[in-house]
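Note that the chains are named A, B, C and D in the order they appear, and that numbering of residues resets to 1 at the start of each chain.
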Amino acid sequence: MKTAFKTIALIGKYKNPETRDQLLTLAQFLTGHHLNVFMEEDTALHSNIPDYRTLAIDKIGKNSDLAIVLGGDGTMLTAARALIGDEIPLVGINRGHFGFLTDLSAEQMLDGITNILAGKFDLEKRMLLFAKVLRDGQVVSQGYVLNDVVVSRGSMASLIELEVSIDGHFVHKQRSDGLIVATPTGTTAYSLSAGGPILHPSLDAIALVPICPHALSNRPIAINSASKIEITLLRGEDTRVHLDGQLNVAFHEGDQVLVQRADKTITLLHPLGHNHYDMLRKKLHWG
Amino acid sequence: MKTAFKTIALIGKYKNPETRDQLLTLAQFLTGHHLNVFMEEDTALHSNIPDYRTLAIDKIGKNSDLAIVLGGDGTMLTAARALIGDEIPLVGINRGHFGFLTDLSAEQMLDGITNILAGKFDLEKRMLLFAKVLRDGQVVSQGYVLNDVVVSRGSMASLIELEVSIDGHFVHKQRSDGLIVATPTGTTAYSLSAGGPILHPSLDAIALVPICPHALSNRPIAINSASKIEITLLRGEDTRVHLDGQLNVAFHEGDQVLVQRADKTITLLHPLGHNHYDMLRKKLHWG
Amino acid sequence: MKTAFKTIALIGKYKNPETRDQLLTLAQFLTGHHLNVFMEEDTALHSNIPDYRTLAIDKIGKNSDLAIVLGGDGTMLTAARALIGDEIPLVGINRGHFGFLTDLSAEQMLDGITNILAGKFDLEKRMLLFAKVLRDGQVVSQGYVLNDVVVSRGSMASLIELEVSIDGHFVHKQRSDGLIVATPTGTTAYSLSAGGPILHPSLDAIALVPICPHALSNRPIAINSASKIEITLLRGEDTRVHLDGQLNVAFHEGDQVLVQRADKTITLLHPLGHNHYDMLRKKLHWG
Amino acid sequence: MKTAFKTIALIGKYKNPETRDQLLTLAQFLTGHHLNVFMEEDTALHSNIPDYRTLAIDKIGKNSDLAIVLGGDGTMLTAARALIGDEIPLVGINRGHFGFLTDLSAEQMLDGITNILAGKFDLEKRMLLFAKVLRDGQVVSQGYVLNDVVVSRGSMASLIELEVSIDGHFVHKQRSDGLIVATPTGTTAYSLSAGGPILHPSLDAIALVPICPHALSNRPIAINSASKIEITLLRGEDTRVHLDGQLNVAFHEGDQVLVQRADKTITLLHPLGHNHYDMLRKKLHWG
């Protein structure tokens, strides 16, 4: 098979053997076509697939041309986060339940991958955000997100009070359960449950979505992705900042989280003719 | 002054001297009319008012005919909770900001109290809920609420999964940030921020309002107050059950919280002609 | 077959032959069991079923013991409206799509009807509203509704302005696209699309749901069903009052619509063990 | 006074003398500084100001350097619509109620205008949409909008059914009361009442906001402003397409409305330091 993707890394569902058969089928298919296959280290371990060379997730970017992810959107999110900065393209294969990020169906896996290897794909760059948590002006934590940065009250506390500034300009003080800062990709995740709008991935925009705000007029807004967002915790115990729902950091009164568009993106490969509206219609059961 | 209320307890804002002047004015007025005045113990301490006999909050019900509460809705909520079971009527006096539960204005305090002492008032019973948290079938915590029972995820966790049954009948499994079970009184508190409807206090109903539910069709419902609600935590770390936002209890996977209408009520005295729609219009800035 | 229902009227989908086969099957089954069958007049005509005695819809109540309605919720709504006042019980049979009001499935039609004829059913009374439209103090139109009374702007106009009073007490002025006054039954219909809460049918309550209100704090409320609601059109051209979405009346500036609980109900027969939460879960695709 | 704006047109509230005093004060101030003043023709008539040269609204763009609009957002919308294509900058002066488009206060009118004439202003371009209504493939109506294109059911009808395509790609069929296609400017107008998000004016985006959609998952989306939107009426009587709520066109079954970003913009001049978040905070009463 002639393809630009000579070395391919396979990443399965995290700590879960459910994707084992798909992984094996795919690995055999790829090696059958004389391509190099790496199994992601944890995937190999948890799926009990000892027969392929393995790579730690953080080595995949440097040592492969393509990463194929099997699982749901959660698996894809984890993989994409680990591969940020390496510009390696990702393909997502779902396991029956069509996902926003995993748009190749299990049934058509081999045909789909064959097409992608043959260069028949739509390439899409997805915007990322970069967040820094500051305490007394010092960065205590930082990271990229593909979905969202969420400031969220804890289980012990009631409302928290936040101050939001954008590009150095005071926007408002807000009493709420928290605030979601979402990429377009993130607007179909938690943000949607909190009443946020869906932003098309091609939009250079960031959504700010309050979680259960005390003031009923406190509505979701979408702003230019060039904006720098600064959120200060004025009042609230047991509050945390969450990055993609996978990492979280204590957020004390007076702490700030700065969020802005990242200088990196992730690259998704879709089947030709892929359309985001089709995904919305299917996932949200639109008529 | 001829009045049925011979002994009156005064309760001020908790750990806050702001209501000191009002308390003194009111106490002098009442003693000037030969009525017995008790200052609630903590109120006397924090407001530095040593000149009146004091009573612990839990002795007020048995030893007074009327409790006058000065502060905001939070103060009123705390006082009302402490007095549940004693059937002592409460009057709420706000400090400038009109409250849902404190409808006598500071400016008209003495006239308002004079009228109430003279028997010119509207008496309103407010429904309460009673909640029991069960672990392995044993009650680990229980209590009354005037506003709401809230099952809520913690700061570390993402979505929780709950199962809801009503009157022994399975309603649904829900993935969300939590679930609010509110009295009509509670529907203008946290429930409103979560998108719940406003239920008139005269309604024999309980509102179930999901917090940021994953399924967009998972909408607030109002059910008969005779219903018995059972919520089981299927999945979720760091989850808690909150009673009126003042007490909270750990809620582990497999735990249940049972909520039903309480056998007690609280009694509010309002100025004659009081109307709940006036309160809604003022508080919510309706046209 | 021993049954209290000796004479049974069959009502099919309005002006639509789709229910013809079901009607024939059911009619043959019933006559086979020596029961009297009437085919509703329009049903017989549009379904081309000439072989049974017919009755005009408004004669059915007086001349039958039971009305069986085949079709969707729309058909059931029309039938129920026509039979208000006759206290004749209704059974709804859907055609594949489960309905809120038509809970007997097409597949189990004969078994279901057999059970109902044998007295194995749950009987449920549903609350109705009665609405009067007044112009210059004179009633210009009036009627019952099972779902809702809707005041709604026309296609030419922008916002309308309404004044709402309840039990003679001014509630608020509202600028919006209109206002829905819904029975509990109606809360799963149009009201839900407008953001209203779901009220359990056993609740003695009426929902007031603004349609696209200008003020964001203008939220849905549920009030006691004993309340008398008065809505006055302050400003708005081309406005109409809709009764169950089936009848509508011009509504001029200064006109009023008075809405209150009706003195009649409708009676639904459900399969034994029927539960409203099951219907909500299925219809709304709750988890 | 040295200024690039030699000839200035004044536009007052439509058919309303309320802005007369402001108009006179402003006209005298400008002529006192040796600038040419035109009074818009209808403004002169309805405000009874015969002393200045008048211009029909459609001549203002060609014959003036600056248009100053006195009134509310409605007046500004009308004026801006009339001046589309002439690229003449607009300044909005409110009459006490701060507006989204009229951000110079009446009290500081002369100082504000002095600054603007002196070149001290922030210039902002606002995106417009262009809509064409097609019947049998022929354009039956077309026009620009600053706020929104709204497809809306009439007063006689229930739900309408629409089909939405974007860039030639089927998005979904929708049953609803209608659909709003809004510019960022329009997202603080009708769209907000229908549950839409607020889009910052600097965002190259278009909001699609369903009005009371039947499917609860049918949520607002924001898409790239380069998108071409095509809405077809599948079913619905008495439906109309509204342009900025000021013009409307009959919309029959089978008709289409095509909406895309216009090739023109309007130009607003704001006081230096103007910030859109300040306007949102004030207008929406954010904390």
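One rule holds for everything that comes next: a contact is a pair of C-beta atoms (placed from the backbone, for glycine too) under 8 Å apart; a residue touches a chain by one contact, two chains touch by 3 or more.
Being a predicted model, the structure only gives us computed values, none of them experimental.
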Please flag the chain sitting at the greatest distance from subunit C, going by CA centroids.
-> A
Determine the centre-to-centre distance between subunit A and subunit B, using the mean Cα coordinates as centres, and give it in whole Å.
-> 41
Where the centres are mean C-alpha positions, what is the separation of subunit B from subunit C, in Å?
-> 37
Between subunit A and subunit C, what's the gap in Å when you average each chain's C-alpha atoms?
-> 46
Inter-centroid spacing, subunit D versus subunit B (mean Cα positions, whole Å) | 46
Where does subunit B touch two or more other chains at once, residue-wise?
-> 192, 216-217, 219, 284-285
So what shape is it, when you link every pair of chains that touch: line, ring, star, complete or other?
-> complete
Within the complex, subunit C is touched by subunit B residues 166, 169-175, 192, 196-200, 202-205, 207, 215, 217-224, 227, 275, 277-278, 280-281, 284-287
Contact footprint of subunit C on subunit D as seen in their complex | 152-156, 158, 176-177, 190, 192-195, 211-214, 216, 238-240, 245, 248, 284
Complex contacts: residues of subunit B adjacent to subunit D = 216-217, 219, 285
